[in-house]
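Each of the next two complexes has chain A plus one other chain: chain B in the first, chain C in the second.
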Partner chain A sequence: MAENKVLVVGGGFSGLTAAVEAAETGSDVIIVEKNPYLGGRVTQLNKYFWKMCPPNCGLETQYKRIKNNGQVTIMTMAEVEKITGSEGNFEVTIKTQPRFVNEKCTGCNKCAEACPEERSNDFDFGMSKTKAAYLPHNQAFPLQYVIDGKACKGSSCAKCAAACAYGAIDLNMKPETKTVKVGAVVMATGWNPYDATKMDNLSFGKVKNVITNMMMERIAAPNGPTAGKIVRPSDGKEVKNIAFVQCAGSRDENHLAHCSYICCLASLKQASYVREMYPDSKVKIFYIDIRTPGLYENRFYAKIKEDQNVSFLKGKVAKIEQGENGDVKVTAEDIHGGGKITETFEMVVLATGMQPTAQSLAGAGVKVTEDGFVDQATLPKGIYATGTLKTPVDVARSAQDATGVVMKSIQSLRRK
Partner chain B sequence: MSEATVIKPDLQFVNEIIKGGGESLKKCYQCATCSVVCNVTPEGNPFPRKEMVLAQWGQKDKLIASADVWLCHQCSDCTAYCPRGAKPGEVLNAIRKQSIKEVAMVPFFAKIATDPKWIWLLFAIPMVLFYMIMPYKSIDAVPLNNEGKMAYHFFMPVFPHIDVTFMLTALFAAVSAFVGITRLWSGMKKNAAGAQGTGSPFSHIVPAFTQIFAHKKFTDCNVSKLRKWGHLLLFYAFAGLFVVTVWAVGYLYGHEFFHIPAFGPFHFGEAPYPNSDPVKWLALASSVAFAAGALIILLNRLGNAAKAGMGSYFDWVFLTIVIGVGATGMGSWALRLAEMKIGYIVYYFHLVLVWSLFAYAPYSKFAHVFYRTTAMVFARYTGREVKAPNAGSVTEAGVQPAAQ
Partner chain C sequence: MEKKYGVYICKGCGIKEAMDVEKVAGAAKKLQNYKFHDALCSPEGVQMMKNEITNDGVNTIVIAACSPRAKAAEFTFPGVLTERVNIREFVAWTMEPNTDATNDAAYDYLNMGIVKVQKSELPEPNILPDLDSTILVIGGGIAGMTAALSAAGAGSKVVLVEKDAQLGGLVNKLYKKIPTGSYINKPLIVDTDINKTVSEVESNPNIKVYKSTTIAKTDGQPGLYNVTLSNGETMKIGAIVMATGWKPYDANKLDYLGYGKFKNVVTNMELEEIARKNNGKLLRPSDGKPAMKVAFIQCAGQRDPNHLSYCSSMCCATSLKQAQYVRQNEDALAMIFYKDIRTPGRTELYYKEAQNNPGVMLTKADVTGVSEAADGNMFVEMENTLFGTKTGEKVKVEADLVVLAAGMVPTTLGPQAYADGLTAAAGGGDEAKKNYLEQTPKPDYILNLGYRQGPEIPTLEGAAGFADSNFICFQYETRRTGIYAAGSVHQPMNMAEAQEDAAGAAFKAIQAIDHASRGVAVHPRAWDVTYPDPMLIKCTACKRCTEECPFGAIDEDEKGIPKYNLNRCRRCGTCMGACPERIVSFKDYSVDIVGSMLKSVEYSDDEDKPTIICLVCENDSYPALDTAAIAGKKIDPAFRFISMRCLGGMNLVWVADALSKGADGMLLLGCKYGENYQCHFVKGSELANTRFSKVSETLNRLQLESERVQLMQVAINEYDKLPDMLNEFATRIREIGPNPFRTM
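What follows is the complex of A and B.
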């Protein structure tokens, strides 16, 4: 008899969708999530397509469905170590890192107030700091604090434990390994922003005020490091003359050979953030081709193009240098006849692409394509991949794909 | 659409570029990374992005007599950063090869110097030539000099065998180069219609030479830094060996016609010269520079292949001749000192290779000596060398588009 249980690896938009859709058919579901919170990359966005609403407008619905359903087990700070068995009867080994905070946590923030240590906030890509005892972000689900084992001094300090009125802190937690039995596995480990330091000519990390598009989302987000005010990192100056560098690492054999699909729309969207915040601001988008396939996408592009203060220059930026007073010098060839130009901006956003995480699936017969996505034909029966593991997609398409993949996973539980 | 320009692609030209080392041509998707990372291009209307699209569209006339194609020094910075592996550096090299063929005085020579199919004939011509003129067909038959030692001028007399052959060869090369340069110049002029010349074209020769002697352009290359030193060494080795040749001619005919006797360290009328003669020092120094330069170029090519491309037959046959000249030159010298008769055979191949180097100079990759120099003079003459003559200017209000 097959296990009536689906394991979903990854709790981003794809994984969450797969989990609730599967659970609502009556199957048990386990979500294994590496981060201390669910929601994945979407939680880091300021607004997202197509409604241009903040991340919670979609995630809240999913969280509520999970809560109401009651058949979903959430394991955060956890990763799959090993999968054995076959369709209908997999045995999965899961390793959980210590959170040092148990489910008694009410989110009162007393531990963070008492904590003397600080850590760089990876949720904001290092642009802010939190205490070693922290809530990942203000919309975190589960609403449960976490203590960074690396930054925390442990039981020798224990000021947080003394401050907690609910006995929610246990500084002696150890990593745990657990084995579960499931009938099907849905892999939804998503993507990482491509490491912008690898493009040496784009000078990320060397020239001040060159940021990535994901950093721009954090800067524009109300719960981000600047509380939503678009200012540049080096001196907090309002950014009124900004450039977007498309295909920063994507469509490039030396980096990511594939088109990451989302970056053109992301830059158009971020252009609208700047234009809405500062009516006198100017935006310039350097591109090879603007790729906005689809009816909605093309309309959005057309709408942004109408704005006289947003200009487009055909020619890839291949050189970025430090200008004066924290400004950034960008060089490109204006392909439409303008020659090689160097222009100065207050801030430059690199539209970095999607680095797929399929490499973690490789081995045991599973192959990864040249571009780093999973070769689905090589997945064992009963194990499925969804979302950006297969190809770069946006949130809406991730949700559609996950819903479809759930059908296949349920077939694995009930195959006759 | 009011007036459409009909592009007439020369498909045969496209195929020749693809076959001649530019097989990656069609991968280019016109992102212009290449023009930006290139440090030797003028900023207005930069290369090599436009050359890539012109080549894809078979615009032969615009490319075969183009100053820009020759201003490219093949640093390969573009190739290293190209996101498509389209290797603009290799493509421009292939275009230059077509350019050499196009302006060649004797197209047949250009054919055998650029097409691997004819490699046998390339070397067969000088091999047969020198075999026919050498007085002794067996190395054991070659007499020794008064001291009972090997001397290559017994194997192949300096006059008339070597001198007449090489004088005629040099004359042929010079005339070929002159015809090629003239054709390239008028072609470039036609393509740069509207460009205004400054002063006389000849007034730009000295500044161009100064730039070449200092290897200034190579300094701007990033990916192949070592190449500068390899090329510099080879360049000065050639210059040194040229002086040695003139010097040797002076020893021979200065003694022959003007009866200048040997004095001090200068061995007029003698051959081979002892190792104490300054001409020998210059020859040796040049040879060492030659070997080191060729080795650096070779290693740089091999070591940079992943980033810069492997080069084509065209590059390798030239590099082989250059390295061969050095190796057989040093080899025959060492074998003569060691009194090993196999040295005659090595010397024979040395003559074959030196002849190949000169005779094919305006037809092989060596032709860059003439044509790149011509293009550099042309660029100075038409103001193309100056930074940003018609590039957009940057102001606080943003970029003012360039005047078309």
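What follows is the complex of A and C.
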């Protein structure tokens, strides 16, 4: 008898979609998520291109569906270690890191108030700090605090435990390993931003006020490090003259050979953040091709292009250097005009791409192709890859693909 | 069911520090059974409630604690009518502690919760009898066949209807396709294997195939469709996948690129046929000679407001593939002129292969026209190229075959254009409408729905005729429950994407039937067993519900009396809000329930303590309020928030109810208008606003200022601005002064 249970690895938008859709059709579902919260990469986004609507709207709906459905088990801070068995009867080993806060947590914030230690906030890419006892963000699901084991002084301090009226703090929590039985597995571990320090010539980390596109999302978000005000990191100056460097790592055989799909649209979106916030601002986008395929996306590009204060230059950026007063000097080839140009900006955003996470699943028996992604044809029956594991896609296409993958999972459950 | 009540008040999370809980509990005294707990969500607190449910027969409970968005698992009791009262986020965390206003607010919230359960009934699903679970797939192309095989593979019976004499659709016309997955060390063009898929479909015992057949009529609702085919056959169907695909853009409109003028200007689809017929050889239409210099003009009629404003997504990769056809003759040259090469994702590596091919020349160019050269050749005229020319300088390139990368037009465009034309004509009067109906040829309908709101899935203004609902997160959130578009009729996409999409659509079709069989709604209220139960005996046949239902769920009989099709309904309550007779009710959501709640508020006599009733969309505004509380924002204690499934359910009588009872103001918080934000119930807050525009009449009758009543659009991420918006509104209400009805 096959297990009527689906394991979803990764609780980002693809994983959430797969989980909710399967659960609403009568399957039990386990979500294994490595972060202390669900929602993945999109929780960090301020708005979605091209509609400019807030990602938390869709996430809220997914969470509500999970809460009302009751058939989804959520394992946060957890990763899959091993998968054995075959379609209909997999045995999966899952390792969970200690959260130091149990389900009794009410989200009242007393632990964070009492906590004397601080940590760099990875949710904001280090641009802000939280207490060692913290809520990952203000619309986090589950609404449950977490204690950073590295920043916490442990039982020698225990001020949080004393402040918690609900017995929710357990500083002695240890990593746990458990085994579950499922009929099908959906792999939806998504992507990481490509490490911008790897591109020497773009000077990320060396020149002030050079940031990545994901950092820009946090800066523009109301729950970000600047409460949504777009200012530059070095001195808090309002950014009125900004450049976007497309294909920062993507379409480059020395870095990511693929096109990361989302970065053109993301930069167009971020250009409109700046243009809306500062009517007298200027934006320049350095690109190879503007890739906005699809029904609505191209019109979004056309609309941004109409703005006289947004200019486009076809050409690859060769060099980024520090200018005066925290400004940034960009040198690029000008493919149309010929030769090179150098211009100075107040801030530069690197449109860094998607580093697939397929490699991290090698332990779970997932074969990774030469280009870093997963081909469904190489996976064992009953294990399905979805979303950006297969190829870079946006949220809409992730949602589409994840629904298709549920179809296949349901077939796996019903086949035996 | 005789109700036995239990009221449970949590004192944790700052609640007891912020208010006088004994005073607040005064609201529960009428029900006798009320209890406090220091942490109601703790195992002990939950056990206390469980004990009363199991041992004392308590079956109707009110939990005054945190937001219903928190602690869902702890506070779910199957078979128990449960109301969550949010005194943590709405009171303790956002109001000044221990003021009279704070205590009053908490009291009112608890009171409203109690009134709600008193007026509600435990919902039970309404499962319609004789449901059928057969999936109808319309369209036998690659998307339709994939949908059919997917559903059949999960055990469903499938009926596949194809209008042509054979299955396979446009893929039949292709010479080769692009492989999927990795392109490294793989052939760059492979067989489509469409015949293999066709025979898989035709030999599948779960799939019944009708060829040369269309849909003459679709009546009914999910689980209960009655479908009539063009051959007269009728059948029962559970849900529908619409996979009717696309047509190439009419190349006759591309005469500026030489189409129709020069024999050797062909479209990308025509090139496929040439290659297929000649076993891969690209022979020129004019003289049958092998083409040696083939020019591809990208975006032929696309990204062009005069033709197609969108990008068809697949044409860049298609031209790169066709360049490989050209290069099968190693002396031949392929030249691709593009605006941008769009090969997202791993397709970039496919592009790289073409870049590395010495016989493929690629340049960005603005093609301005095609003119005649000698020997049946053409000049492609262009500017702004990468040939090292100056901006604006014109260049001519000679080619012996020109291929136009023309785009996709969805098969839904015809019916939509016809419907749009009819609406426009109707605006010009009856005569104009009559002329339109007489003179305009009927389009090729796909579904032929017998719905009051029209024969097809309505498409959005921005969707250019594609059957897409324009949700980023919810790709299958259809405007017609139980009918899911798949493939290139849904959005422009390539073959591999269409197959994924088809699997997703087939799944949603199976799910819709599953939900109907359990009597629950589908997304976004996929857990909801309640349903609208109109008291039709009081109906005046005003047709507002049938017109305003966002999903076309309500038909009409010959007298204009609404006929509810429950399995089409998404439980938003728009019909409840629309009804002037107030006869549409759900078991736990009705005009009377909400009206009684807002009438139960104890409107103060004190001039300085205004009360504002605030109806809140539960999807965006409610979470925004919670988030503001978590972020530590303060909100004026004048507000009493009442959660709505959608503002489309707002009934105007509530304005009169609230103001005549003594509310000083009324505020509606709903989601943003328009296609680009998108209400899950299409346009709830816009509908509420339209209704509101009629409210000044009521206010005038009551001799009240119209500024007392307002609607604000709030997105879920505007929690940072929301408290200021609310507090400003409260200040304005204070300036206007108390409602004169309060002291009467």
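In the analysis below, the second predicted complex is superposed on the first by the 408 of 416 C-alpha atoms of A that agree within 3 Å, B and C clash if a C-alpha of one lies under 4 Å from a C-alpha of the other, contacts with A are read in each partner's own complex, and residues count from 1 in each chain.
The rule is simple: a contact is a pair of C-beta atoms (placed from the backbone, for glycine too) under 8 Å apart; a residue touches a chain by one contact, two chains touch by 3 or more.
Here the structure is a predicted model, which is why all the values come from computation and not from measurement.
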Inset, instruction - With the two complexes superposed on chain A, say which partner A:195 touches: chain B (first), chain C (second), both, or neither. - result: neither
Inset, instruction - Based on the superposed arrangement, let me know which partner A:52 touches: chain B (first), chain C (second), both, or neither? - result: second
Inset, instruction - Scan A:318 for contacts with chain B and chain C and give back first, second, both or neither. - result: first
Inset, instruction - Quick one: classify A:251 as touching chain B (first), chain C (second), both or neither. - result: both
Legend entry - Touch count on chain A, higher of chain B and chain C: C
Inset, instruction - Answer with first, second, both or neither: which of chain B and chain C does A:401 touch in the superposed model? - result: second
Inset, instruction - Identify the partner contact of A:340: answer first if only chain B is touched, second if only chain C is, both if each is, neither if none is. - result: first
Legend entry - Touching both chain B and chain C, residues of chain A: 251, 335, 337-338
Legend entry - Of all residues in chain A, those that touch chain B in their complex: 201, 247, 251-255, 282, 284, 288, 315-319, 331-335, 337-344
Inset, instruction - Using the touch definition up top, name the residues of chain B that touch chain A in the complex. - result: 29-37, 41, 43-46, 49, 81-85, 388, 390-392, 394, 398-399, 401-402, 404
Inset, instruction - Provide the residue numbers of chain A that touch chain C in the complex, in ascending order. - result: 13, 17, 21, 24-26, 46-48, 51-65, 67-70, 104, 106-109, 135, 138-139, 143, 165-167, 221-223, 227-228, 250-251, 257-261, 289-299, 302, 314, 335-338, 369-371, 373, 375-377, 391-397, 399-408, 410-411, 414
Inset, instruction - Could you pull out which chain C residues touch chain A in their complex? - result: 12-14, 38-39, 41-43, 66, 69-73, 76, 150, 153-155, 180-184, 303, 305, 309-311, 313, 338, 340-349, 352, 364, 384, 386, 388, 391, 462-464, 466, 468, 470-476, 491-492, 497, 499-504, 506-508, 510-511, 514-515, 523-524, 526-527, 619-620, 623, 627, 630-631, 672, 676-678, 680, 715-720
